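You will see chain A twice below: alongside chain B first, and alongside chain C after that.
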Partner chain A sequence: MAPKLQLAIYWAAACGGCDVAILDTDEKILDIAEAADIVLWPIAMDFKYEDIYKMEPGSIDVCLFNGAIRTSEQEEIAKALRARSKFMIAFGACAAWGGIPGLANLTNREEIFNTVYQETATTINEEDIRPDTNYPGPEGELHLPRIYDRVWSLDQVVNVDYYVPGCPPTPETIWTAILAIVTGNLPPKGTTIAGIKSLCDTCEREKTEKKITQFKRPFEIIADPKKCLLEQGLICCGPVTRDGCGHRCTNNNMPCRGCYGPSEKVSDQGAKLLNAIASIMDVKDEKSAQELAATWEDPAGTVYRFSLAKSLIYDYKKGGE
Partner chain B sequence: MSVCKTRVTIDPITRLEGHGKIEIFLNDAGNVERAYLQIPELRGFEKFCEGRPAEEMPRITSRICGVCPEAHHIASTKALDAVWHVDPPHTAKKLRELLFNAHMLHSHIAHFYALAAPDFVVGPGADKKDRNILGVIAKVGLETGQEVIKHRSYAQKIQAMIGGKATHPVCGLPGGMSKPITEEERQQIESMALSLVDFAEVSLQIFRDVVLKNKAYVDLILSDAYSLNPYSMGMVDENNHVNFYDGIMRITDPEGKEYVRFNANEYNNHFAEHVEPWSYLKFPYLKNVGWKGLVDGIESGLVWVGPLGRLNAADGMATARANKAYQEMYSTLGGKPAKATLAHHWARLVELMYAAERMLELSQDSEITSTDIRSIPTQTPTEGIGIVEAPRGTLMHHYVTDERGMIKKANLVVASAHGYGAMNMSVDKAAKGLIKEGKVDEAAKNMVEMAFRAYDPCFGCSTHTLTGKLPLLIRVYNTSGEKIMDLEW
Partner chain C sequence: MSDHKIGVYVCHCGSNINGVVNCAKVTEEIGKLGEVVVAKDYKYMCSDPGQEMIKNDIREKGLDRVVVAACSPRMHEPTFRRALEGAGLNGYLLEMANIREHVSWVTKDKEEATKKALSLVKGAVKRVKLHEPIEEREVPVTNTTLVLGGGISGIQAALQVAEAGHKVYLIEQKQYIGGNMAKFDKTFPTLDCAACILTPKMVDVGQSPNIELYTSSEVIKVDGYVGNFTVTVREKPRYINHDKCTGCGDCASACIMKNRIPHEFDEGLSKRSAAYIPFPQAVPLKAVIDDENCLLLTRKKCTLACVKACGAKAINFNQHETIHEFKVGSIILATGFDLFDAKRSPQYGYGKYPNVINGLQFERMTNASGPTSGHITLADGTEPKSVAVIHCVGSRDENYNKYCSRVCCMSSVKFAHLVKDHCDAEVYEFYIDMRTFGKGYEEFYNRVQEEGVHFIRGKGAEVAQKDGRLVVKAEDTLLGQYREIPVDMVILNTALEPRVDAEKVAQTLGISRSGDGFFMESHIKLDPVTTTTDGIYLAGCCQSPKDIPDSVAQGSAAAAQSLAIIATGKVKISPISASIDSEQCAGCQICIGLCTYRAIKLNEETLRAEINEAVCKGCGTCAAGCPSGAIKVSHFNDDQLLAQIEGVLA
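On to the complex of A and B.
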């Protein structure tokens, strides 16, 4: 019998949804357990960091790494796992492009700390205490990892071999990736394992000529469930987002927010969407363009909902901090 | 006190959602001086929600936790109803409650079987290679294992039917829901709900057989190392029965007497949060009792939330089978309030039954397939609080917006934060009771972890905090490459 695949699953700045998505492969999870020894999976297994540090380089075949990098601990574990893994997979939107935690790059550590530890309505902190990375407790020093000033995607910290997109990835996307790994039938390195078209390309809603005369917000209208949401004035990230999610949001009559990341050949999801939206605005002149543009609230937080940390605005490799 | 020379570190703590570390300090005699449960992360949601359109909050804040995304989604949606002063149609509220109960089923099944059961079915001191869900399936048999997988999958399917996605739903809007359900979907939900009621009965029986019939486990549950005496909190209906989706907040004191009742919009009058320098997570406490440190009893402002907190704070369950299980639990444990931390597991199964029965009721409701599911907001948005009972306890979202409905301030006090003070005490007490004279083996360390595991904490949730605005400039060119205009966003 061939030796079992050695599989590590880890979460960094994440919500646990990627781990739940792996469970959502349902009975296939038993097949995964049949084909692989899981050597790390904090949500479900009791292996500790010390167990990882004992492993030799290359002893992990595949690491499914979910979550962005927000703390020194997450960076250390990412490096430790990279050093021991033959394949490092950025699993889910946060590992791939920072995901929703990446929206924190609109602010910084100090502002976050001031809000959380001082300003929120229920916080009472007269002594102005802040969590301390080296706190001299009465019994001994207590350590906390450093929170970085910004959020990084996994590939800004270590080399990544493949990407599995989604917030979270669908069970179908996960299963496709796992089959590719188990059978050794792998695409070229750097590939994002999902569709290659855009969500718009495969969306079955009726489309006519796109002309936006007014931007609408989802709570303002009852959207026609058969027609293109963008044509109804709702910002939808479908034109620039990778296909493969099963149209879960648009089928529920809500616009896409781009969790499958940029589609093939799109490098910056947000810039591309801004470009696409600007080109279908039904305007005559600069004045009417400015007036219409002003009715779209929070474009940055919308077009970069899942990819701000990896956007052109923020994309560079982590060097020191 | 002198600085301890010896420490035992458990890093990371496992079989929970999110990140945590336990640091145990031993004195010269090898006994525990103090144990700390530290949370080593903060993501910052409260800050980065500022500047976002409020209606996006249900889809943003669900990413606080992928294990309880529906809890955040619905708490956020309820806060938006309050922000826009809009009352959703009956069917929208019922669909939300149906979604919510399906969510409770998924979360409680996952916790009981995958996270908690390894300690009881495989054993607290078993090899860590086996002390997991796969070890549980090896013990209980593949057939039972497949039933567990099937029923959790049912709960996920129902959530996806209503919410679009099981993890990170998209259905909630101020004033209602994005999509109705069809009669065909209703029938599927009803049939899955019937099966889930039976499954909840089987789960309660497994608890009786595996845990209650094993004297060693019963002794462990009732031991002082795993007991605590805090206040208890949960949401109740007009009969003081547990409700997860809507109702009045009720808090009982350590003796079981009602301490206070309040509506969601009064939350800030009753809770405050304390900051400690050794953890990124804050400690919520009863404001009118005050912060007294990590101490137990009536003088302390710390509360139990989650399954046992809810059951302690209520007078019973609103459905027949769940209420029977409720009575059985308290008569076995010697009355109310229950003080055994590990009884959280039992309470979770009582709630599993309630969620299944309530889902069945809602799936048979004559209004549930109505297409009247949206009230379009007409008033100027201001401020609102939404509270639900998440699987792990009371979850509060509070937003303040400008007149266009853009978030100015967000405050989120989550379930596992509400229980964080009590959890720290439980870990400290278990460590002191289980580690003596320097003897610390793998089994003892796992048994210290069992103290927090009973709470089913979610430190993904607890490291939230959401901000900011990024100006964008679009430069528009004509086909000859000449700049026509700049559009500022």
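On to the complex of A and C.
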């Protein structure tokens, strides 16, 4: 019998949904356990930093890394795991493109701290205490990780071999990825393990020439289950988003949120979607365009819901740690 | 990837560029970049020695990419492409950096200009590495022309193409050709009778074996591309059998609606029947039945007096609209203008005071075959003793049209002369400033001044009624005085505006309009006849207001453009076009509505979008809108553009 796969699962700036998704593979988790020794999985078992540092370079076959990078600790562990892993896999939308935490890049650390530690209605912080990296405690000086000014995707910090998209990845996607690794049937480095085309390609809703006359939010209408959601005024990210999720949202009459990231030929998911939507707004001049655009709640958060950290514009606009 | 051999040439453009940009420094810095094997600056790159320099370097140094930093590519990209091709290199392996219009002409700061020029050239160098050779395409041409609009410019264009021996389809929305000019009495500056010079041309159109005339018709659909258009035309019924009608007018005399319908050709100054001859010299000289007023057609009740009166038995109420389809190689658009509706400027009392009329109504009044048989009369039938002409109604006015309508100063002067000639009334011209450019125009103005016309410099502010007379209120800016001048008649010389259906026509033909609403030419100075769509040309007032000589000249020019295509039998099509990767296309159809040129269609079988590359202009709108990145524009693909941006920011 071939030696078992040495598997590490780690989380950084993430909600924990990716870890739960691995459990969501149901009975297949047993097959995973059959094929692999889990050498690191902080959410499920107790591990210390030393356990990682003690591992030899290359001793981990596959590291499933979920979550974005926004603290010095996350960056440090990402680098340590990279050095010890044969394959580093950006697992889930946050690791792949910054995910929901990446939306923090619309602002900066200072503004976020102001909101969290001062401005919210329920906060009383008369001494204006903010997180600090050093704290002189009774047992000696304590060190905390530094929060960065911006959020990074995993591949902006370390080399990434494969991407497993999703928020979280569906069990089918996870199983496809695991199977590829276990069988050694690996695609070229850098591949995103999911579909290639956009979600629209396999979407069975009826599509016609598009014109948006009014932007709608999902709670405002009951969408026609047969017609293209975009044509009904709902911002569906399907046109720019990679296929492979099994249409979980659109099958339930909800617009695609874009969690499978940009499709193969799209370099900037948000910019592409914004372009596409601007193109089909039914307006005749600048004034009517502004009026219609004003009815769209949170365009940046919608088009870049999962990929702001990787947006071209952001990278050119700002540096940051 | 193997290294390229790039040549970079920085043009001084005399002092146009070098006066602001330090060209020597840019050249020196660029020469340090990898893969740049030669970097030179020169006084005029577009000159023969400049082009020779590039050719020699291509031959001797084996350059495989060329960057020219000079003026706008709109000026000289074809020049340098030819230079590359002269030395055996594909012309699309060239990239131009515009360091004149984008740099030296927009700043005086030499240091910043040099910095920006260097950035742009760096971007060009980075981009040109990704250029690919592209071959220009040629397609065969259908040797027929469609002229849309039968006014003077359309007539001129149609006749010229026909005289050269080629088939013309002339499409006119009205029931007759001749357009606005047919309504005029005299033309400035020679006072030629408009009908005398126009009707021979109209008759020629009717008789030319090469011209097929369709009146009461409009274009409803245009498919295809330069050399190969398919135009669908809807011909409305006129309920008259053309072959039988002799144009005698008996039906008009018999019609029980006689003298009850305002006559459009007389600008509402006379009344006509529901069956009528548009005007005595109309081409075609056939009766027409107006389906909006004919009692039989509207209420299904009539004595059918016209049918009884018609000796030729030409009336046929069973006619239906006919759809025609024409294959043509080029289209000449000569749809003319609409007159500004003076009711939109209520201060002048048009529509309120019967003796306030517009210019075209005055033309009809002075026309011998017009409603008053050429007599200038007030509403009560008497002759006016004083007449005011107000210029710029709806023109040169922030509230309506900012542009100058170009013909009104001269026609106003003509009106003054005609008033003097017909009834010797006093004439007051209210003008902002006189614009009498053109051959013989200033001389005509001087002549009319000598006839004793009062020219008051000041825009007429208001027309009011006082003691039963009209009063024109204005500030005389030469006297610096407010004046109120009582007159019997006011002629409002109104603006020439884009036709009310201009947007529909633009969409049907896939062409653009400029900010003023007129159809847009490809270059305002150097290509005022071509639209941005190959094979569609403009003539006359649909492009901008112009007088008769200019309309005729543009009609001839459009005919020449059209003939140039026919003569060669082939047209070159820009090879820069979009293409769809059907593997990536998800059939979302966002692109289809975006294409101004209607080059994209959905393949009903594969449910993928398809681009007709011959129709595609390579504008890139679809590529920007395509959410899945399936559309790529050759020579402007994402990789090239991103490389250029990186180069500029580096």
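The rule we apply is simple: the second predicted complex is superposed on the first by the 312 of 321 C-alpha atoms of A that agree within 3 Å, B and C clash if a C-alpha of one lies under 4 Å from a C-alpha of the other, contacts with A are read in each partner's own complex, and residues count from 1 in each chain.
We take it that a contact is a pair of C-beta atoms (placed from the backbone, for glycine too) under 8 Å apart; a residue touches a chain by one contact, two chains touch by 3 or more.
None of the values given here were measured: they were computed from a predicted structure.
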Touching partner for A:V240 - first (chain B), second (chain C), both, neither: second
Touched partner set for A:P101, first chain B, second chain C, both or neither: first
Chain touching more of chain A, residue-wise (chain B, chain C): B
Chain B versus chain C as contact partner of A:V266, first or second or both or neither: second
Chain B versus chain C as contact partner of A:T208, first or second or both or neither: second
Which superposed partner A:R248 touches (first chain B, second chain C, both, neither): first
Partner chain(s) touched by A:G58 [first = chain B, second = chain C, both, neither]: neither
Which superposed partner A:A276 touches (first chain B, second chain C, both, neither): second
Contacts of A:I129 with chain B and chain C, given as first, second, both or neither: first
Chain B and chain C footprints on chain A, overlapping residues: 275
Residue ranges of chain A in contact with chain C within the complex: 196-201, 203, 207-211, 228, 230, 238-240, 263-267, 272-273, 275-276, 279-280, 316
Chain B-facing residues of chain A, complex: 11, 13-21, 23-24, 26-27, 29-30, 33, 42-50, 70-71, 73-74, 99-101, 103-104, 106-107, 111-112, 115-117, 120-125, 129-132, 135, 137-140, 142, 144-145, 147, 167-168, 217-223, 225, 248-249, 251-254, 257, 259, 274-275, 278, 286, 289-290, 293, 296-302, 304-305, 313
Complex contacts: residues of chain B adjacent to chain A: 1, 3-4, 7, 10-12, 14-19, 23, 25, 33-34, 36, 38, 40-44, 46-48, 51-53, 55-56, 59-60, 63-67, 69, 80, 84, 110, 114-115, 128, 131-134, 137, 142, 145-146, 149-150, 152-153, 156, 160, 163-168, 170-171, 173-175, 178-179, 267-268, 271-280, 282, 284, 287, 291, 374, 376-377, 398, 404-406, 409, 411, 413, 446, 458, 460, 465-472, 474, 476, 484-485, 487-489
In the complex, chain C residues that touch chain A: 581, 583-590, 592-594, 621, 624-630, 638, 642, 649
